[in-house]
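These notes are about the structure you will find just below.
Which chain is which? They are A, B, C, D, E and F, in the order written, and residues in each are numbered from 1.
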Amino acid sequence: MLGEPHVARASAGITDLDRDFQAFITRTAWGGVWTRPHFDRRTRSILTLAMMAALGHHEEFKLHVRASRNTGCTPADIAELLIQVAAYAGIPAANSAVRLAKETLREMEQ
Amino acid sequence: MLGEPHVARASAGITDLDRDFQAFITRTAWGGVWTRPHFDRRTRSILTLAMMAALGHHEEFKLHVRASRNTGCTPADIAELLIQVAAYAGIPAANSAVRLAKETLREMEQ
Amino acid sequence: MLGEPHVARASAGITDLDRDFQAFITRTAWGGVWTRPHFDRRTRSILTLAMMAALGHHEEFKLHVRASRNTGCTPADIAELLIQVAAYAGIPAANSAVRLAKETLREMEQ
Amino acid sequence: MLGEPHVARASAGITDLDRDFQAFITRTAWGGVWTRPHFDRRTRSILTLAMMAALGHHEEFKLHVRASRNTGCTPADIAELLIQVAAYAGIPAANSAVRLAKETLREMEQ
Amino acid sequence: MLGEPHVARASAGITDLDRDFQAFITRTAWGGVWTRPHFDRRTRSILTLAMMAALGHHEEFKLHVRASRNTGCTPADIAELLIQVAAYAGIPAANSAVRLAKETLREMEQ
Amino acid sequence: MLGEPHVARASAGITDLDRDFQAFITRTAWGGVWTRPHFDRRTRSILTLAMMAALGHHEEFKLHVRASRNTGCTPADIAELLIQVAAYAGIPAANSAVRLAKETLREMEQ
């Protein structure tokens, strides 16, 4: 979902500090959530982006904006979900995410 | 979306303390978000439920479980989104929401 | 600020579990914050209520609604600050606080 | 850790809504965290209680107060960690947790 | 409130991604909150800064430190409210905000 | 605990804006928490790091990673507690903290 270069780069950076951690989150997020059949990947992208914006997890928000090109979640979806974040988690949470989404989408175009 | 009896009951309880507040949130959440065309109501329900569970807003979570019968968001959707909440916002946030969803859906059946 | 009956009741309930804790928070919140001269008590009430609503600390929010009668913070101040909470921390955080404020103010009238 | 009656009661209440969820959290929290060797159970109890108090997850906080009798985490440990929560997550987060800890420990004595 | 150069710069950066979002937040925060008569602008500044520090919204906190020169909220007000944030939302939330306030006020002097 | 050079540097940077604030947090965190006898410093480090990761307080998390060399909290302790954070506060909160811990520990080695 994040693309092979990302995965290769991430794997190369693993040390003793995060070996078990990376195994844990791969098994939990990937094996336990994303491979489940009920929602399609676009819906999971939208859900994850909204939660990450609402909780202020900026790094993970950017990661999932980059992943959106492989999930079918469009820039228009991102724009729309952030309006819902503004109403339900407050304007500042959404405002930061809008700025990050714009930066990340611009980087992806290049 | 919440059904006429809910709206009538809510309107009857308005006092000086929340008159402007209720106007504000109706205009913002209803006029500014839910009437926008991009997402269908089921998607908005799923998004809202995930954010409310992630942020620990229990009253609003129950309100949107009750509203789900008018948005096309099914109990299976709720079950599925809460697994994603567990991975992305932590098990305890999802655990409380599972308990509230079960209680509220049981009350709705009666 | 909370009135003598409240303080007497709270003191009577102290056990080994919270003896040091109660001393810590009295020294920190009361001695370290509320007795400082820069803001008047009404401003401190407004600030505290807004933060408690924004962070979802319901018990403390109710406590400070009850204390408001001794700080000069009026029901109209509470109504107004909760509209600002809705915009900056999201509608659901404010919505729960509006409900609690109405309940608590009604109890105080009786 | 939570005792056999708790587990039996929890299992009996599982429905279609939370079958996969319960399997997910058992695998993640129990299989993925609590069975790991590095920390003893008392340390894991202390860590979990502090995070639950800091994040305002009240139901899970009470669950882990009840579980503390099987982990070696004492009431004095709970009292102490909540002072640290007060400094690092704010007095109101700790204050609610102190109240819940006292209630739950009193119920456990009976 | 943020000054004309800020508004001009912000408007020039709007794209399809945030056109509706910017309209939404202008209408909600500006039209729905800041233009209301009950609180003066200094009080609204103080409230917003305290909530932004408590919730960890760093970008919005800095924006409102910059806006404070047009609202009558002084550096001494900011210093004072952050002590209250430390007690009610925890020392780390206030500590980050103190650092950001000092940086932003120093930039504003230049 | 943070080492004399850190304290000297911090003291030199104090201005009117944070003089009372620094006195407040020294008295509260240092005098009110870290000097208490019940937990050893390693346990307090572990607790603080877990709460800071869970709440997304990145600056304070890094500060306490640096302090860990004086508290007896090892890199293996940090690795382990972050797996518990992932389960109880969500994968993204832990993921950001893992990245910060790796960066900070690498800087400390140099």
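Everything that follows uses one rule, which is that contacts are C-beta pairs under 8 Å (C-beta built on N, C-alpha and C of every residue); 3 or more make two chains touch, one makes a residue touch a chain.
Keep in mind it's a predicted model, so treat the numbers as computed, not measured.
The set of chains touching chain C and also touching chain E is given as A, B, D, F.
Number of steps on the shortest path from chain D to chain F, with steps defined by chain touch: 1. A count of contacting C-beta pairs for B-C and for B-E identifies B-C as the more extensively joined pair. With centres set at the average Cα position, the gap from chain E to chain F is 27 Å. If you average the Cα atoms of chain D and of chain E, the two centres end up 37 Å apart. Counting only residues that touch two or more partner chains, chain E has 20, 24, 28-29, 32, 36, 52, 54-56, 60, 76, 83, 87-93. Under the stated contact rule, the graph of chain-to-chain touches is complete, every pair of chains being in contact. Against chain C, the residues of chain D that register as touching in their complex are 56, 75-76, 78-79, 82-83, 86, 90-96, 98-99, 101-102, 105. Partner chain C is touched in their complex by these residues of chain A: 54, 87-93. The residues of chain E lying in touch with chain A in their complex are 15-18, 20-21, 24-25, 28-29, 52, 55-60. By the touch criterion stated above, chain C contacts chain F in their complex at residues 20, 24, 27-28, 32, 36.
Residues 28-29, 32-33, 36, 38-39, 43-44, 46-48, 50-52, 54-55, 60, 76-77, 80-81, 83-85, 87-89 of chain D are the ones touching chain F in the complex.
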